[in-house]
């Protein structure tokens, strides 16, 4: 059986209690995108500064459960200062980490596709896939970031 | 079983767990009596119709409908019942500027249909405020009733547990020339109901919250009002005649039951009513009242104020729905930890966003009792809550 | 058992008999997995949601919905599905003078909602005539399509058994710039369905006519169309936000699923789909085709013309619904005599009064087959019919 | 168990095959009332001549099953030429004959209330109560007659 320590790893609780990159950026020049999960009421606002193909700054506001909040905090730490290509790559990797095998509710991340060692702290979120309803919480920030990047590229 | 723990079901406010008698009534219906209702001549069709119509009679008796089964319309849930009220009675009897008075503690089911009617007709939707004591603030009720044609309020809040003074509200509404509708989803399965004594005009509730099956709702109104309500959904069963140029709607409740109704579900509801009558609704109410009183006092003393109950502390005019706000822990996380103890509670806004906003909340974790709940359920709940508080430190 | 005879169920067109697997799927749902859907965190709530959402996926697969489960809306029956079409899509896309083209062989479920829309908006409702061969008379279809915005026809008549050329009609309708809706209540449980291949726009049917439970209907439309349909019933589950001033409807199918949906019923439907897929819809179709061919030929030869079949004699594009007109014997009496033999057939106008009028009939006695029907059922039917003819001399 | 001979007695089949008092009367002076059973489509039209408190003539048209047709024919024979008081009395007796005991679907007519011997040919319809769905067929004509009498008395 899935168990709580898998979900609420120390790193996650730490990012929940002390979220990184909280705050706002002036728009413009920054862009601002909102994400919303109507089922649980979680909200996230992502502010992005992109200069010369590099995500130079990111800030977050919003509220939600420990998973959505820590995931957004972890995300901000993982993508800040990276090139857009690297950011997109990280998003893809994270989404793969969150993919449940259709055939089972008990899935674990797909080792062939994602090498968790390349994910750093983000790997702490891999326990979420054992709790399928919480995947939406973990991916909210990432989907919002994805949308923000689409706006950047036009 | 979850993590080798038995399930502690504390989510009856969302949907109750049907007893074996109800499940078996439905299986039996399908196995031995199934057939479409009405128009049949053969035996199983009669029995099927009999199952369906006796459920109508059982419900009429259960809520003491003055003119009996002729006043009971079967819908698919409370939500459809209220939509029927708004889209049939409301559309025919309300016009621009008329006011529908709801309350700040309503479920979306008793808000959105009125907003839709506002879009369609230009009516006004007005809210009775909720006080800091988690009860309707009726200090300005006479002013609030200005221009009101219909008061539509819940008999019991699905978030706060607050039981509203429906009989008083009915008197006040009628004195102002308004009718009164009751969203009774949360009360019918938990305390005695008597629409005649309450002197109300409309009543909406769901089978699945009173030990019955999903897929079946109930709408009650007085025979005189029902007789004048225009049809809502069109189709078979709700007509007396159809030609290529027009149709004549049926009289009575079937006018609002277009298509094949939830027949097996009605058989299940009939069994649920018998079951509840067997328990005695006074006993059910007393039982849940004791559980609630006990839980509230333990929540108060055992958590050093880290857990706040969003709802009245006194248990007079209060049902067994307990919404919790755990300091520093999101409701989603509370529910997740509780799940590891096999405890089923519901996190979220409980389809009552205006109410959540009123109390500046995003979500609560809600525990709720049913006739089958035991004090042991509360024990497990508190054990699990202790763990949640500890985990998030 | 009736009069010590086993039951011969020949009323599948009214409602099919669910196999044990379906009844058990529902009992199991109530016993072990019951909880309200969505918003839950605890295990049983997930399992409940899983039951509900996998039924949506099963149906999407079963009818080959191009964009899958996102295109499947659960309603309470075919009738509500067609009302949803009329009252949401219709009200938003049709205006006075626009024409909805139905046929003379429609069930009231596909007539009355359009009459209601005519009252509300001033649209025109036009009928495709039915020929003496009991088939749609399409000779003037191009003229009939003048001004038509929507064609809404049945895939199979519940009185005649006639199977309509939906794919051809879809082509013609689209050529004239009209959309096409299909009342598929009678066909989905009896032959393979592929909405992508048919190239239609809307599809409505009921679980209870495809071995599933009562209380559950299905509405399918293309994702693009669904995305633009305004909400219908208002309440919980169909919104993304509600404040005291307004609401924001949800995206996707849930926008049309206000309130607690028929969850256990969806679990039952999921099991029914698996069961039918196990049988293979081609096999079901072939099985019923053979039964129909056999019955039609015996009815023709064994009664000296005293029994007339109201429906096509050929069995190409014809389903297992056999309406009988027994000379000098009212359908009600036929059904009564048959009941004494344990034979369940349905007498009446079958909610298709315009069609009955077209053929100058008050009522027929209708026998209809399901996947579980046997040739022995026909034997008993014919034996009983012989008795009926004799009794009324 | 109920059985067919109880329902389809010879008298009933005879009235079905050769209905009495078929036809119409000129209105006025006759009055005309329609009855309709939406569930099975049975229709009946009753024409009545009432003179000096006596139902001097009755005619019927309509269509329906053997029970509704024979019941209307039997009714016409039973009430023609009777005083309105007698007619009302017959209606009451017939309605009692058709009353099913609530507690059982298998009911037989209540012998305390109705002495079937006073009903003449009408007694043939007593088998109908064993077939509850058909009671509506048997009472259609009678309800229509009742309504017509109400019109006579204003």
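In order of appearance the chains are A, B, C and D, and numbering begins at 1 in each one.
Going forward, contacts are C-beta pairs under 8 Å (C-beta built on N, C-alpha and C of every residue); 3 or more make two chains touch, one makes a residue touch a chain.
Bear in mind the structure is a predicted one, so any value in this text is a computation, not a measurement.
Student: Can you list every chain in contact with both subunit B and subunit C?
Tutor: For subunit B paired with subunit C, the chains in contact with each are A, D, in label order.
Student: In terms of C-beta pairs in contact, which of C-D and B-D ranks higher?
Tutor: Taking the two pairs in turn, the one with more contacts turns out to be C-D.
Student: Quick check: how many Å separate the C-alpha centres of subunit C and subunit D?
Tutor: Spacing between the chain centres: roughly 38 Å.
Student: As a quick test, compute the distance in whole Å between the mean CA positions of subunit A and subunit C.
Tutor: Here the centre of subunit C sits 45 Å away from the centre of subunit A.
Student: Can you give the whole-Å distance between the Cα centres of subunit A and subunit D?
Tutor: Result: the chain centres lie 78 Å from each other.
Student: Mind pulling the residue numbers of subunit C that touch at least two other chains?
Tutor: Residues 2, 39-41, 239, 241, 332, 336, 347-348.
Student: What residues in subunit D touch two or more of the other chains?
Tutor: Those would be 39-40, 134.
Student: Using the touch rule from the top, collect the residues of subunit B that touch subunit C in their complex.
Tutor: My answer: residues 2, 7, 9, 11, 14-15, 17-18, 22-23, 26-27, 30-31, 34-36, 39-45, 76-80, 82-83, 86, 104, 107-109, 111-113, 115-116, 127, 206, 208, 213-217, 231, 233-239, 241-244, 246-247, 258-265, 332, 335-336, 338-339, 343-348, 351, 353-354, 357.
Student: Applying the document's contact rule, which stretches of subunit D touch subunit B when the two form their complex?
Tutor: Going through subunit D, the ones touching subunit B are 36, 38-40, 105, 132-134.
Student: Note which residues of subunit B are touching subunit A in the complex, please.
Tutor: Checking each residue of subunit B against subunit A gives 2-4, 329-333, 336-337, 340, 347-349, 356, 362-363, 391-393.
Student: Which residues, counting only subunit B, touch subunit D once they are in their complex?
Tutor: Interface residues on subunit B, with respect to subunit D: 38-41, 46, 50, 239-241, 250.
Student: Considering the complex alone, what residue numbers of subunit D touch subunit C?
Tutor: Of all residues in subunit D, those touching subunit C are 1, 3-4, 7-8, 13, 16-17, 39-42, 63-67, 69, 131, 134, 137.
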